[in-house]
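Shared chain: chain A. Partners: chain B in the first complex, chain C in the second.
Up next, the complex of A and B:
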């Protein structure tokens, strides 16, 4: 293990955080339990939630602390109560600790004081438990629906255990079920973007409130693609099967999800993974980062009309895709990670293939960076656009390059060394400007670091098994698994169950923490930059869409095609 | 380094490691259903018909997510991933493969069991040599669960009578 990893994984450093929380809140803490190597669960009363969570997240000395995930569970069959658990991670290379703040909520009074007023990062999580479990966050500033469709009947909560996974309540779309969008501020027009749109990963609807070309405020409606994967994972799939469904949560960062899930179950079941498997997992995660970042950089170029950069980035990226195909059997959805290890070994010829591809890649990508950064249009269009301040990034618990471009020094690979990262040396690129350019630079630098990580991992990879045998996982144990996906920290929370099945599975993809901060980054920018800013958050693209421009004052609607929008966007490029 | 390929005008061969669509070799399949249990996407189904004594293993490539768990689970190597990736078709039934096997029939009561004849033969085949008297074992093993239980009880009663008598 490297020196830096030993320092943050030190027992004394870890216990310091737990002890401080215990000392501060004393007898208001009901119990403290260490459920995994770096994870503690602290049980408190529900009245103390905002104070305890707020204290840890906003602690002046623990700078990069953040709300990693929050899961509600229906534990009525076990304890007759609902439960809520807020997972907070200590970051910034100052200790490898996850604190789970748990509280129970009685069935007859399903309310809890919302944490959102003290930490806006909890915004989505609390709206989600309200939708899916019917636990009401009291004092939440925005109690509208988040996850469930508009026509879903009131009082039906799909994640409760008495809701069978094949149930489908009767739904009726009326005027009353229409989503209550915010009223546009006075003197602004509404510019709807999506649900189907070139710049959006999944269908998502944005309402830009514009004054002329300037974006004054933003409202959004997402979760058009909620697939109920968690419910399927809890009811129909066995531990091993969940892995492959987890991999298909995202089209780009599949391995990150599969790995996060596998690590969560391994932590809960205390399964030791062979060292060689950890190295192979690391290499796969980094290969994924390579192609994901190149995709995003290429698309950033495309959005500003610099198609040479776009084509070049995709040409370089294709070699990574081919490499992945040879290593795992597919360009995407590698199917490598399962609980206990990996499925395919790196034979000698595969190793040579990686080394060769990386050598070419480094050379070509360096050329791409030089070429792009010396293009004036690219710099002018990205500089100072879509600025997300450090304060906002921290406030919303943002993750990944989106947060690192705003100066948050935080990376799950370094702060919570999983897989083989603890045996490797690497830098975490951080930029302070917070604009689109900073995020592009973070990604470009991370690609170089990834190449270096893969080279080290290949050199140091030990021999041995690639898969650990495991027989049974004890029921009702909780743990989180975390990875650094290309878009940021990915966290899966699991509670093991009986009969080779999960009791509760909570997926938190990185974009979940990033999206709520998007309005802050978009305010004050122009409509032509909206697509670029959304793209710099790194969602994937689907390409056959259109946007509608509504001019409220003239009551006239016009449909902008994708071509027109890109044309509009490019006009700005020409101006600079 | 150009990466644009002339596909589909030029035929494209997938690399040797490629996980394409799975295919069942009917001659090897014993209908044990291991692949059905492993499949996360329900692309494989096991449909028994006890009145006619058949078991169908149905593979729907349209549902398959190419994870290759079935390939790992199969005890006889009947289901294998191919390197074929061209599955677009105008007819959904092109995606479906069906293997039909005979269920084993109990010679005593005449009911169909919930395993196939081939699975039973396979079980005999993999028995380690010299541990059991194979002929004796076969007499019992070909019976269905109920008849076997009855036979065991009858034998025990018979034996105890001998001891008492």
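Up next, the complex of A and C:
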């Protein structure tokens, strides 16, 4: 293990944080339990939530500390109560600790004081538990729906245990079904962007309130493609199966999700992963970062009409896709990570091929960077655009290149060393300007670092097994698993259950923490920059298409109405 | 003489109508090669136009302005191209046609705005708005450039100017202004703000479909052709005007035009789109410089 990793994984450093919280809140803390190597769960009363969470997140000396994830669970079958757990990570290379602040909420009074007024980063989490579990955050500034569709009936909460995963409540989609969008501020017009827009590769609806071309404020509606993956994972699939569903959460950063999930279960079940498997996981995660960053840089060029940069970036990216295909059999969705290790070994004779590809990649990418950064119009469009201040990035608990472009010095690979990162040396690029250019530079520099990481990992990779055997995972243990996905910290929370199944699975993709800060970055810019700023956040993509019914025998095509489409989709999901 | 005139007028009309899609195709091919792509056939733009023209449009509004705008743009673009010289022949020529040229060129943009403002759609409105700002900031520069040439050549017939130019400092500077304004008004990257696809879904075009869209796109291609034909005439004719054979002059014009198109495709590949405020700032600066050029011309330099 490298010196830097030993320093932050030191027991004394870790305990310092727990002890300080325990000392500060004394007898208001009900219990403290160490559930995994770097994770503690502190139980408190629900009234103390805003104070305790706010104290840790806004602690003046724990600089990059942030809210990593929050999970609500229906623990009524176990304890007759709901539970909430706020996971806070200590970042900035100041100690490898995750603190889970847990509280129970009685069934007959499902309310809790919202943390959002103290720390806006909790904004989406608290709206989500309200939608999915019916726990009411009191004092939340924006109590509108977040996840559930507009025509979902009131009072039906899909993540409660008494809601069977095949259930589908009766929904009436009428002309009156509307989302309560904010009224535009006085003197502004609404500029709608999406759900379908050439430059948005994902359905998302933005309402830009504009004066002329200047954006005064932004309202948005997302979750058009909420798939209920957590519910399926908790009810239908076994631990191993969930791993492959986890990989399919995202079309771009699947390995990051699979890895985060596997690590969460390994932490909960105390499974030791063989060292060689850790190295292979690291290489796969970095290969994924390479292709994801190149995709994003290319799309940023495309959004401002610089198609030369776009085409070149995608051509260079092809080397990475091809490399992934040779190593795993797939260009994307590698299917490499499983609980306890990896599925395939790297064959020794592949090594020269990887090194050769990396050499080509480094050379061509450096050329790309030089060419793009010397394009004056590109710089002109990116410089000073979409500025996210450090304060806002911290306030919203932003992660990844989006936050590192604003000066947040925080990277899960360095601050919570997982897989083989603790054996390697690498830099974490940080820029302070907070504009689109800074984020592009962070990504470009990270690509160079990733190539360096893969080279080191290949050099130092030990021999041995690639998969640890495990038999049973004890029920009702909690843990989080975390990775640095291309877009930032990815956190999966699991609570193990009986019968080889999860009791609760909470996925938190990096974009989830970044999106709420988007309006702050957009205000004061022009409509022309809107798509560029959205692209520089690098939202996760997944594409949905309108459905046509094609009668093969009569060779006729018919376009479905919205209502028919909804009906048909429901019928299909019921059958599955 | 009359036979030559009729022949050249016919050829010029054919060029105006049917050459622009080919030029567009060449531009696409050049860009593709720079991006190391195969690229579509250079005839691709003809295929696109044929498809558009054979499809019935969808009308988002009942307003007549919306239906007429493409035709106005088309007619204006063709008229602008007709006052330019083709060989030794100018299809339509009269004293003062220099103003007509500027006027009908602006009409193409105005048709684009009319189309955009005839709908209650933020994308088309933004596109129309941007086009208005573009035209207001670039047309004066084009006017000053042509005015400088006219002062030098002592004629108000735009087609006759290149045959009578004498090279002075102000004329050489005016060439720079002409090239700049032709590039900007042609809406090439980085100045394609009014038809920006990723930002505002091609502005006014976002609501057009079928043959109306085809005619509109065709009109814009003819406008680009007219602008570049103007530039290529001003570049080539002063060097070949002593050649008696009109056909040779026409061929020179064509070759310069092709070179210009290829050069523009290269510049387009090397740039990202600017924002409208960048464009306005830049145009204002160039306009101020252009006034100095006009002053030089008035002093006889």
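The rule is short, and it goes like this: the second predicted complex is superposed on the first by the 533 of 576 C-alpha atoms of A that agree within 3 Å, B and C clash if a C-alpha of one lies under 4 Å from a C-alpha of the other, contacts with A are read in each partner's own complex, and residues count from 1 in each chain.
Everything that follows uses one rule, which is that contacts are C-beta pairs under 8 Å (C-beta built on N, C-alpha and C of every residue); 3 or more make two chains touch, one makes a residue touch a chain.
Bear in mind that the values here come from a model prediction, so they are computed numbers and not experimental data.
Colleague: State whether A:327 touches chain B only (first), chain C only (second), both chains, or neither.
Modeller: Once the two structures are laid over each other on A, A:327 reaches chain B alone.
Colleague: After lining up the shared chain so the two structures overlap, which partner does A:412 touch, if you call chain B first and chain C second: first, second, both or neither?
Modeller: Once the two structures are laid over each other on A, A:412 reaches no partner at all.
Colleague: Who does A:244 touch here: chain B (first), chain C (second), both, or neither?
Modeller: In the superposition, A:244 contacts chain B only.
Colleague: After the superposition on A, what does A:213 contact: first (chain B), second (chain C), both or neither?
Modeller: Touch partner of A:213: chain C, not chain B.
Colleague: Examine A:306 and indicate which partner it touches, taking first as chain B and second as chain C; both and neither are also allowed.
Modeller: second
Colleague: Let me test your reading of the model: by the given contact rule, A:192 touches which partner, first (chain B), second (chain C), both or neither?
Modeller: second
Colleague: Which partner does A:252 reach: the first (chain B), the second (chain C), both, or neither?
Modeller: Touch partners of A:252: none, neither chain B nor chain C.
Colleague: Quick one: classify A:380 as touching chain B (first), chain C (second), both or neither.
Modeller: In the superposition, A:380 touches chain C alone.
Colleague: Counting residues of chain A in contact, which comes out ahead: chain B or chain C?
Modeller: Touching more residues of chain A than the other partner does is C.
Colleague: What is the contact status of A:84 with respect to chain B (first) and chain C (second): first, second, both, or neither?
Modeller: neither
Colleague: Hey, what residues of chain A end up touching chain B and chain C alike?
Modeller: 315
Colleague: Which part of chain B faces chain A closely enough to touch in the complex?
Modeller: The touching residues are 1-3, 14-15, 17-19, 38-41, 65-69, 72, 81.
Colleague: With touch defined as at the start, can you tell me which chain A residues reach chain C in the complex?
Modeller: Within the complex, chain A contacts chain C at residues 189-192, 197-199, 213, 301-309, 311-312, 315, 375, 377-378, 380-381, 526-531.
Colleague: Please output the residues of chain C touching chain A within their complex, sorted ascending.
Modeller: Residue positions touching the partner: 31, 34-37, 122, 126, 129, 189-190, 192-193, 196-201, 269-278.
Colleague: Contact residues on chain A for chain B in the complex?
Modeller: 237, 240-245, 248, 315, 318-319, 325-330, 333, 335, 343, 360, 364
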